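In what comes next, subunit A is part of two complexes: it sits with subunit B in the first one and with subunit C in the second one.
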Partner chain A sequence: MIAKVGLDGHDRGAKVVARSLRDAGMDVVYTGLHRTPEEVVAAAVQEDVDVLGVSLLSGAHLTLIPRVVELMREAHAGDMLLVVGGVIPDEDVPVLTAMGAADVILQDTPPEAVARRVRELVAARQPR
Partner chain B sequence: MTDDVDALARQVVEGSPRATARALTWVESGGPRAEALAARLYRHTGRAHVVGITGAPGSGKSTLARALARVARGRGRTVGILAVDPSSPFSGGAILGDRIRMNDLALDPGVFIRSMATRGALGGLCRAAADAIDVLDAAGRSLILVETVGVGQDEVDVMRVAHTVVVVSVPGLGDDVQALKAGILEIADLHVVNKADREGADRTIAELRAMLTLMPLVEETWMPPVLGVSAAREEGIEAMADALEGHLAYMKTSGEADRRRRRMVAARVLRIAQDLVAATLLRPDALEAQGSEATTLLDRVLRREVTPHAYARALLTRMGERTPDV
Partner chain C sequence: MFDPDAIERIRMMRRDWEANELSQFLLRQPESRSEYRTASGLPVERVYTPADIADTRFEEIGLPGGYPFTRGPYPTMYRGRLWTMRQIAGYGTGSDTNKRFRYLIGAGQTGLSVDFDMPTLMGYDSDDPKALGEVGREGVAVDTLDDVEALFEGIDLERISVSMTINPTAWILLAMYVALGEARGNDPNRLSGTCQTDILKEYVAQKEWIFPIRPSLRLVRDMIVYSAEHMARYNPINISGYHISEAGATSVQEVAFTMANAIAYVEEVTRAGVPVDRFAPRLAFYFIAQADFFEEVAKFRAARRTWAKLMKERFGATKAESMRLRFHCQTAAATLTKAQPMNNIVRTALQALSAVLGGAQSLHTNGLDEAYAIPSELAMKIALRTQQILADETRVTSVADPLGGSYYVEALTNRIEAEVAAILRKVDALGGTVKAIEEGYFQREIADSAYEQARRRASGAEPVIGVNKFVEPPQPGALEIHRVDPAVEARQIARLRAARAARDPARVAALLDRLAREAADPAVNLMPVTIELVKARASMGEIVARLREVWGQYVETPVF
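Right, the complex of A and B next:
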């Protein structure tokens, strides 16, 4: 699932990533803009996604991602991987991974590299 | 595996959203585990009203599903939505976007939405549709909405899984109504002209009604109603929900419900059988796997002593011998 949370209106990157994951043979649920963390996590649970990808270019990642992580925990979605992407300062990357993000993918990553990374993460996880 | 399957089936029947989601993943992935789960759930099914929503791409099927789910919730129903989008024929991947129109429903525990890709299935649904509907049914959803991909004329698989089929049209189809005559319009139990907030809806409604009077009625007494609605403005949706309930009531009193369920089950059994045959025969080593006898037979076909048709028949007979009894 590729999700846009909060007031962040930058959807170009999310759509680029969604398309490249589709072209890599994956099923991608796209949520559209302006979702709440609650909506996104509930949707991810219903869709039983392998990876919840949150795209954030607004700078609000340090407030929104903790909420997403908390909701995932409440939903017992422990085997779902959280991947964060977008415009994120380098120093925030370890903060996000410490919170529970499986990876943080920054701007200017070639879309094919994003698909490769997602595939690696899913392969490394226990099969369901 | 049995323990896992039993536990999951139990949690689905108890209505757990997480278990329901995982069960849907299993049936979508197919294989022995999916079959074992479906077997545990089957006797818990048969209670839901399954409504198919089909129509051209962009006609508003997802927006309509959302609006209808909201009305149904107001009437105390619990809702399951299966939304199907097409897979790319090139990569096999898919972008599933129906949910964009329904996001706000995700917070209502009374609504469960699942997206699925066609993965090469051609009838407007995915291969696992019937099993997925069973999962939602077993999980206690009393109204199940099945949104097909945007269809053209002959993607009519939805009639094999839905008790009531809604065909969505939009204003401005014009001559297309004529073109569609022989296609999906024929399978409608209810016609909805969506985007009635736009110009030309009255004309489309009139054209559909005119077309219906010309069409031979398949069932004796049910004349599919034609309703104008605006899914986006949530106008006309109460009337639509009434019409759906009306159709279900008609089906029950007329006996059509039993006939239709029988047809649906027959179609499903045949479809599964076809898939089983295909799965067995499409293995690249399907013939070699039959042993040396097969090679000999193949030689005889090559020498024109046996026809390909006769050999194919013999293969099927032998397959029947190897399939365990029910």
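Right, the complex of A and C next:
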């Protein structure tokens, strides 16, 4: 699942990634814009997704991602992988991974590299 | 423009050159690519001659300041008046941004441009749960008129023009601007500036919306009609291609989709009975300057010619001012890279040069730290200095439309104009702009172009220096970036609560009731009641929430 949380309307990257993953043979759900963390996590649980990719270009990642992580924990979605993408300052990357993001994929990452990374992350996960 | 015999001689000369010099040279040294195209995908010849514009009448090119305005909206262009150097700024509270404005004015900036935070853009108060983490982050937070007063404190609004980048809540900001002017004793006919207001491109590209399309268009109409009556120097809308391009559209699509939106606005206002020449002179445009230098110059020229013809032929405008396209330009943020950020200074300078050679009236040059955060003071100063160097050192301002008459630029201008016209015919065939938006036509086209471009970048077919070519290991911490003050949210919420505590609640409630009544009648102009509301210190979130009860909310079907 590719998700946009918060009021940020930048969806170019999220849609390119969604389409690239679909073209790479994955089942992709895109949430559309302006979702709350609650809506996104509920939808991800409902769809039983392997990977939840959250895109943020607004700078609000350090407020919104902890909420997503907390909701995933509450929903016992422990084996769902959280990947964060967008405009994220380098120094925030370790902060996000320490919170529980499986990876942070930054701008200018080629679409194929995103697909490859998603496959690696899923392959490395404990079997469900 | 050319004598047919001369064209025939030129064609013969070219055939001869192709058979001799060219073919022999190609045997020794083949070209680097099998085909050459513009960034929009238009085919590009090896070299251009008068034969490529043999059918172009000089009247299509014309002279600056005259129909069809291909060469610029004014006869003297930058000799008479330079473009306005308008760096956008906005963060924190009104007084935080006021400091940045004064810094930029001190550095020689000649116009102001305000960026608002996401809650303000989307109509939520700073204490709304949806605003969490976004207050004052990507722009300045505005909840009530008090914030606009702080924003412009000590700045004479009759002497500097102010542009406000705001769309679904634009009419509230315009109301606040009017109320501020009134409180200061300004003559509304002397307030100059621009409100972006272009809601249609939000549904298409930038994706900041609140209400469904029809009531949103009505708000745009109300602003255009109000300012046509009360604000002689104000541009109530900036019909914008910038965001369409940044969302992935090609330059051809940028102009075509922007024109399609402009047509919808003109139709909306004329349907209300306002003659086109009454409001069209104050319609302003906003385009991007992308990386394909000559295509961008040709794009600006083609946009001016297209608009002039649309206004004259489609809408029957008779005043030259109604046909004269004026535009603000911003260099292309999405071309700027996180890798090797100093390279962004050079990219921005070249894009800015295309805007100037293309005849822009106002320009924002992006900061080198665009891919990191909102710009630092230093990044903005370098960007402003880039414009000042163009204006004062390069002498490109001496001649109007200096690339006019270039066989290539004229041929490309013609081609872009023709491509734009073809897209506009398609939109008409789909039933018009609003119908095309509702059916996702523009959105699909933009998503396709964005995907194509991402693939070209990934394959290296579209080189991006420092990203897919001449790559270096990253240098962490190379830039000092703007940091958001973590206390800003609490400070802003305290301001909002103080404003609410000091006002007359019965008056606000009565005005909100009047707003709801008037909103239900599409014939009423909502500007007067909104001006009363902001003066009574109603907050933006309260005004929007009340209208949401009347009009509902827009729901997008996402296309990817």
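Heads up, the rule we're going with is that the second predicted complex is superposed on the first by the 128 of 128 C-alpha atoms of A that agree within 3 Å, B and C clash if a C-alpha of one lies under 4 Å from a C-alpha of the other, contacts with A are read in each partner's own complex, and residues count from 1 in each chain.
Quick note on the criterion: contacts are C-beta pairs under 8 Å (C-beta built on N, C-alpha and C of every residue); 3 or more make two chains touch, one makes a residue touch a chain.
Because the structure is predicted, anything quoted here is derived from the model rather than measured.
J.: Consider subunit A as the common anchor and indicate whether subunit B and subunit C clash or fit when overlaid.
T.: fit
J.: Using the superposition on chain A described above, determine whether A:Val45 touches subunit B (first), subunit C (second), both, or neither.
T.: first
J.: Determine, under the contact definition given at the top, whether A:Gly32 touches first (subunit B), second (subunit C), both, or neither.
T.: The answer is both, since A:Gly32 touches subunit B and subunit C.
J.: Once the two complexes are aligned on chain A, which partner has more residues of subunit A within touching range, subunit B or subunit C?
T.: After superposing on chain A, more of subunit A is contacted by C.
J.: Angle at subunit A, subunit B to subunit C, CA centres, as a multiple of 10°?
T.: 100
J.: Check the residue A:Gly59 against both partner chains and state whether it touches subunit B (first), subunit C (second), both, or neither.
T.: Touch status of A:Gly59: second partner only.
J.: Would you check which partner chain A:Pro89 touches, where first means subunit B only, second means subunit C only, and both and neither mean what they say?
T.: second
J.: Looking at the overlay, does A:Arg19 come into contact with subunit B only (first), subunit C only (second), both, or neither?
T.: both
J.: Applying the document's definition of touch, where does A:Ala75 land relative to subunit B and subunit C: first, second, both, or neither?
T.: first
J.: Please give the nearest C-alpha separation between subunit B and subunit C in the three-chain superposition, to the whole Å.
T.: Subunit B and subunit C, overlaid via chain A, are at closest 6 Å apart by C-alpha.
J.: Which parts of subunit A are touched by subunit B and by subunit C alike?
T.: In the superposed arrangement, which is not itself an observed complex, subunit A uses residues 18-19, 22, 30, 32 for both subunit B and subunit C.
J.: Using the touch definition up top, name the residues of subunit C that touch subunit A in the complex.
T.: Where subunit C meets subunit A, its residues are 118-119, 121-122, 124, 130-134, 137-138, 202, 206-208, 246-248, 334, 337-339, 371-374, 447, 450-451, 454-455, 457-458, 464, 467-468, 474, 476-477, 481, 484, 556-560.
J.: Report the residues of subunit A in contact with subunit B in the complex, numbered from low to high.
T.: 18-19, 21-32, 35, 38-39, 42-43, 45-48, 75-77, 128
J.: Could you pull out which subunit A residues touch subunit C in their complex?
T.: By the definition above, subunit A touches subunit C via 6-12, 14-16, 18-20, 22, 30, 32-34, 36, 58-60, 62-64, 87, 89-91, 106-108, 110-113.
J.: Sort out for me which residues of subunit B touch subunit A in the complex.
T.: It is residues 17-18, 20-22, 24-25, 87-88, 90-97, 99-100, 103-104, 106-107, 112-117 of subunit B that touch subunit A.
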